[in-house]
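Structure below; questions to follow.
As written, the chain order gives the labels A, B, C and D, with residue 1 at the start of each chain.
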Amino acid sequence: MMTVRVGVIGCGYWGPNLVRNFARTEGTSLSKICDSRFERAAKVAAQYGVRSVTEDAKAVIDSPDVDLVVIATPSLTHYELAREALAAGKHVLVMKPLATSVAHAEELVALAERKGVLLAVDHTFVYTGAVRKIKELVDAGQVGSIYYIDSVRINLGLFQSDVNVVWDLAPHDISIIDYLLDGREPESVSTIGARHVDSPTENIAYLSLRYGDQLLAHVHVNWLAPAKVRRMIVGGSKKMIIYDDVEPSEKILVYDKGVKISKNGDPGENPYQLLVEYRTGDMHAPRLDTREALALEAEQVVQCIRKGGRPVADGQAGLRVVRVLEAAEQSLARGEPVLLGQGGQGKGAIP
Amino acid sequence: MMTVRVGVIGCGYWGPNLVRNFARTEGTSLSKICDSRFERAAKVAAQYGVRSVTEDAKAVIDSPDVDLVVIATPSLTHYELAREALAAGKHVLVMKPLATSVAHAEELVALAERKGVLLAVDHTFVYTGAVRKIKELVDAGQVGSIYYIDSVRINLGLFQSDVNVVWDLAPHDISIIDYLLDGREPESVSTIGARHVDSPTENIAYLSLRYGDQLLAHVHVNWLAPAKVRRMIVGGSKKMIIYDDVEPSEKILVYDKGVKISKNGDPGENPYQLLVEYRTGDMHAPRLDTREALALEAEQVVQCIRKGGRPVADGQAGLRVVRVLEAAEQSLARGEPVLLGQGGQGKGAIP
Amino acid sequence: MMTVRVGVIGCGYWGPNLVRNFARTEGTSLSKICDSRFERAAKVAAQYGVRSVTEDAKAVIDSPDVDLVVIATPSLTHYELAREALAAGKHVLVMKPLATSVAHAEELVALAERKGVLLAVDHTFVYTGAVRKIKELVDAGQVGSIYYIDSVRINLGLFQSDVNVVWDLAPHDISIIDYLLDGREPESVSTIGARHVDSPTENIAYLSLRYGDQLLAHVHVNWLAPAKVRRMIVGGSKKMIIYDDVEPSEKILVYDKGVKISKNGDPGENPYQLLVEYRTGDMHAPRLDTREALALEAEQVVQCIRKGGRPVADGQAGLRVVRVLEAAEQSLARGEPVLLGQGGQGKGAIP
Amino acid sequence: MMTVRVGVIGCGYWGPNLVRNFARTEGTSLSKICDSRFERAAKVAAQYGVRSVTEDAKAVIDSPDVDLVVIATPSLTHYELAREALAAGKHVLVMKPLATSVAHAEELVALAERKGVLLAVDHTFVYTGAVRKIKELVDAGQVGSIYYIDSVRINLGLFQSDVNVVWDLAPHDISIIDYLLDGREPESVSTIGARHVDSPTENIAYLSLRYGDQLLAHVHVNWLAPAKVRRMIVGGSKKMIIYDDVEPSEKILVYDKGVKISKNGDPGENPYQLLVEYRTGDMHAPRLDTREALALEAEQVVQCIRKGGRPVADGQAGLRVVRVLEAAEQSLARGEPVLLGQGGQGKGAIP
C-alpha cells in the first residue's frame, strides 16, 4: 500500500504534537515541515529527522512529495490554506475550527468532494479514550435517551486576540456533543458573553443549544476563571455520566441514578409533592484506553486515505461545528437566540 | 424591651428548623405552632414546649399573642398568608420566594410599609458565614470590580410539582447575587430550560442575568444531576473566589489571580497573541463563622422588630428576587431575553 | 414475644444517639435514662417520653424494669458498670472499648457466659453500610486474599484526658479490621506514638499489626491533624478497595487493579526490572445501604435477646479489640513489638 | 569562569531528564553520554547535539573532557561508579540513594573530601517549589516547633527487583524530612513491611523515625495501592501543613490550626475532658515557584563547582539518608527498632 507523505504547516503550540504523532504512524512519512518562523520549523524537523524545511506554506501545498497537508496555523488562516491545498488535490487535516465562517466551511467541504480528496478536522477530543467510552455507552443503549449535556471548560487561560473564547474553546465541547448526538444539529443557539480586563473579544460565554424534544446542551467557556474545570455531564434516562477531564485516572463516572415520575398516582397528603421514584444504584468508572488521542486520529486519517472511508471528524463534522459557532457568534451580537436551518447536513444553515 | 411572640405556620421540611432557631433566640417566645396536619404541628410544639397548637393558619394570624408570623408553607400560599398577616398588623417572616409574582410581592412590600410592620424574607444563604465573608471581602474592595458571578446548584433533587426548578432552587442563587451586588438589578434575564422524565415543570434551567458594563451572572439549577454541586465563582478584577458549599470546612477559596492586557504593546512575533500578563499569587481560605445561618437570621429579625432597622433580607430584597424569577419564567416561555424595568427598587419592573 | 426494656446509662456525646435509636427499635421500650448530671438525663428522657430518670447508675442496673443495660459512659467506667449489670443478670451493650484491660474484658466475657446473658459492644462501624459492603465483597471472594489493610483516622480532634488516642480512636479501626478478617488475631502489635502540646497522653500513634503470611494491618490515629481523614485501603489479590468515610456518597471504591509477577521469565535487557504484569480495570462504587448504623445495631442486639444468637460485635469481638489495644499500649511503653498469645479467642493473650 | 563539562552515565528512565536540564544550564556543556545500551545513549545524545556517545562508563569517568560525572544508573551500581569517578578527581552527582550501605556512602563522602571535589546527590524533591516553600515557612518560624511529619507515597508502582520499596521510594520522603529538620538525625528507626504477589522484596513498608523530644516522622511507601497518593503532613506548634504533590496547583496548604491545653484548670463538670482550646484560623496556599526542580538542582551543582559552596543535597545529606535506609532495612529484618549512632554527621552511625 502507498505511503502517505505528510507535510505540516505550523509549528506553534499544537503543530509539534501533530508532527510527533504522524512521525510514528505506520504507513506515513513526514516529508515537509513549515512555519513562518524558519527556526521553529527547523527545530521540529531536526527532532524527527525531516530534511525538508520551509517558511513558505505554498511550498508544502504545491510539493509533489506531499499527499496530506496538515494545517496547524491560527484559525483565521485555516480556510485559505485548506482551500489551496484541496485545490492542489491534496488531502487535508486542519486544526479546529475548520474555518471561521459557515460559507468558508461549506466551500471547503464541497471542494474536497469535487476533488475526491479527504478533508478531516482535528477534533482531538472525539479520539480520546474518555469520549469514545461515553459514545460506546450511548451507542449500546446504556445511557438511554439523552436528556441534556452540560459542559464546563474554564480556567485562567491563554487570552487570544484573533478569536473570542467561543471560537477558541467551544469547538472542543461542540465537537464532542456533535459526536455523542451522531451529528444531530441544534434548532437554535443562544449565547451570552462578556469582555473583561480590556479584552477585545469575549473572554466568558455561555452557549445554549436547543435540539427539540426537550434535548438541551449547554456550554460554559471561560478564560478568566480561578481554577481549571473540564467537566461534562451527560444526563440520560438510564444513566448519568460525569466526564472530568482533569482527573488523572477515573475520568468517566457512570451513575446508575434516575427518576421516575408517576402522574396518575394519588398525591395524597402532600399535594405539592409529585409521586417520584428516585433510583440510586452503583457508580462505575470504566477503564479507558489511554493511547494518545492524536495517535488514533493520525492513524484513522492515514487509514482513510489509504483504504477509503471517512474519519470520525470529517469535513461535515467540521462544518456542523462551525455552524454552531457562527450561530453562537450571531446570538452574542444580537442578544437573542439564533435559529439554525432545517438541520440538513451541508445545506447552508444560517438564515 | 418587649418580647417578640412568634407564631409559626408550616411544619413541613423547613418549618421545624425555623422553630428550633426562634426557640433559642433571645427576646422571643414561641406562642403558636400551626400546620394543616395537626399531629405534625403538635410534635414540633411538644419538642419546644409550645402549648398552643392549631391547624388553622387564621388562628395564628389573628391571635393577639402573636407579634411575628413566620410562614413556612408551600410557595403558592406565601402571598395570601403574608397579606393577611400584614393586614392584621403582624410582622412577617416568609420563606423564599416572597411571592410567586411581582405584583403580589409589590403588594406585600407596600402593605408592610403602610402598616408600619416588618416584612422579612428567609433568604437563608445571605446569613451563612460563607456568603457574609464573600460580601465582607467585596465591601472591603479586596475583590475589585466584579466581572461575573457563576453559580451551579445541581443534584438529584426533590422534584416539586407546584413550581419548576427555577422557582425552587434559583432563589438561593439570586438572593446571594443580589446581596453581593448590593441590590443592583439586572437589565435583562434570559432563561433556557427543559422538562424530562414526564416532569410537569422544568427540571433543568440556565439563567443569564445581564447588568450592563459587561457584568454578567449565570445560574445553573438542576434537579436531575448525578452529583451534588453547590459552587459559585465570583470573578473580580483583583481576586477570584470559589465558594463550594459542599466542602465541609474550606468553603471559600480566594485566589489572587488575574489578567492584565496591554493593548498598545508590539505583539511582535505572534500577532495572534495579546500582550497579556497573568497574575498567579497565593490562595487563601478565610476562617468562616460557623454559627447556623437561621440563628443569625432569627436574631436579626427579632432585633429589627425590637429596635428598628431593616434586616438584610427585607421585603425589598424579596421583591427584587421575585422580579428576576418572574422575568426568568417569562423568558423560559417566550424563548428570548426579558428586559427588566429601569431597575428602581420597588418600582414595578416587568414591562 | 417479650419486649426488651432498655435502661441507658450516660447521656454525654454518644448516649443520646443510642437512646434515639432504641426509641424506634421494634420490640423495645425505654424504661430508664441515667446520667450523673440529672438535667442531662432529664432532657433526653423528655424528648423520648421516658418517665424514669435517675443520676444513679445502680438504680438502672438493679431495676426490675430493665432487661438491657446500655452503657455510654467514659471508657474507664465500662468494666465496673458492665460487671455489675451482668452480675445482676442483665443483658449489656457497652460502648467501645469493652474495657480498658484484657483481664477486665475477659472477666466480662466469662461473666456473661456464666449468667447466660448477652454481652454486646458498640462497635458502630461494623454496622455501617460501607463496612458491611466491604465484608460482603470479601466474603464473596471478590477481593481475593487480603494482603494488607491500611487505616487513617485523623483530624483536629477532641483531646481526651482519660485515654490516649489509641484507646479513643483505634477501637474503630481495629474493630473493622477484626470484622473483615473474621476475628483473626494478630501475632504481634507494634506502636509508636508521641505527646504534644502538653497532652498528658499520646495524641498521635501508628499501630502495626502482623498476622503472619505477610498479612499486615496498619492504623494511623491522630488528634492533631489539620484535616479530617477517614480512609481505609484494603489491598487484596483480586481487588483493592478504598473506603473514604468522609465522602458523602461514594464511600467505597472498588478497584480492579493488581499485579502479577512472573519469576521465571527472562528479564532480558533490563535485569533490574521484574517481569511484572499490571492489571488496571474498571473502578466501581457499589450502592450502600444508608440506614443508620446504630439502628441496625440496636435491632440486632434486641433480636439476639429475643430470639437468641450473637450480634456481630459480641463480647468476644470486644475482647479481641481490647487485646490489640492493650498490646498496642504495651508496645508504646516498651518501644518494641509485643507478641499476642496463640491467638485463641478468649484464651488470655498478653504474655 | 570555567565551563563545567558534564558526562552522563545512564539513559534509562531518569537520565534523559538530567541530560535535558544540564543541556540548558548556563555554564555547562554536555560532553559525553553513556548507556550500557548504545542506541539509547545515542538517541538522547542526538536530541541535545552531543557528539560523544559510549556504552562504557569508564570512558566517561576517565575522559579529560569531563568535569562532572552524573550517575543515573540502578542503585546497586552507584557506589562503584561514584567511587571511580571521585578517585579520578571528578565532581559527581549521583541519583538517590547515594549508595546502598552506610559504609559505602561514608567512603564516598570521605573520598570526595580527600579529593577536594564535589559530591552531590539527586534528592530532587528538596529542589521543588513546594518543599522549598515549606522549608522557608519553617525557617521563618511560622510553623513553630515541628511535632511530627507524616508522609504517604503510594500507588500501583513499578515493582523493582534490585531494591525493595523502602530503598526505591523512601529516599524521597527521608530526604525531604532531613531537609526540613536541618539534617537532624533520628535516634531510632523501626520498620514494618511485607511482600506480596510473589515479590522477592517488600512492596509495602511503614517507617517510624524517632528523634527524641516527642518528634516523630512516619513514612508509608507502597507499590501496591489502588490510587496514587503523595501527601505529607507537617504538624507544627503554630501551623500545620499539608503538602499534596498530586494536586496540580495548590500543592501546599498551610492551616492556622492548633491546640492549647491548660492543665491547671478546673475541669469542672466533665472530669474526662481536658481544658483544651482549639484554634481554627485561615487556610493559606502560598504561590509556589514552578520552575522544574532538576533545573534548579543542575544550576546549584554547577554553581558550587564554579564558585565553591555546597549544594543542599550534598554527600553528607546523601549519607544521612542512607543511614536511615540501612537502619530501616535492619529493622525490617530484625523485627524491632534499630538505634542510630550519636547522630553526628558523617560519624558512622549504625551500631
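In the analysis below, a residue touches a chain if its C-beta (ideal position, glycine included) is under 8 Å from a C-beta of that chain, and two chains touch if they have at least 3 such contacts.
All values derive from a computational prediction rather than experimental measurement.
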Legend entry - Touching both subunit C and subunit D (chains): A, B
Inset, instruction - Return the chain pair with more inter-chain C-beta contacts, choosing between A-D and A-C. - result: A-C
Legend entry - Where subunit A and subunit D are represented by their mean Cα positions, the distance between them in whole Å: 43
Legend entry - Centre-of-Cα separation between subunit C and subunit A, whole angstrom: 52
Legend entry - Touching two or more other chains - residue numbers and ranges from subunit C: 227, 280
Legend entry - Footprint of subunit D on subunit C - complex, ascending: 12, 37, 74, 76, 147-148, 150, 156, 158-162, 188, 190, 192-200, 204, 206, 208, 210, 214-216, 218, 220, 222-227, 233, 235, 237, 240-242, 253, 255, 257-261, 263, 267, 269-274, 276, 278, 280, 335-337
Legend entry - For the subunit D and subunit B complex, residues of the former touching the latter: 250, 256, 280-287
Legend entry - Residue ranges of subunit C in contact with subunit B within the complex: 47, 227-228, 246, 248-249
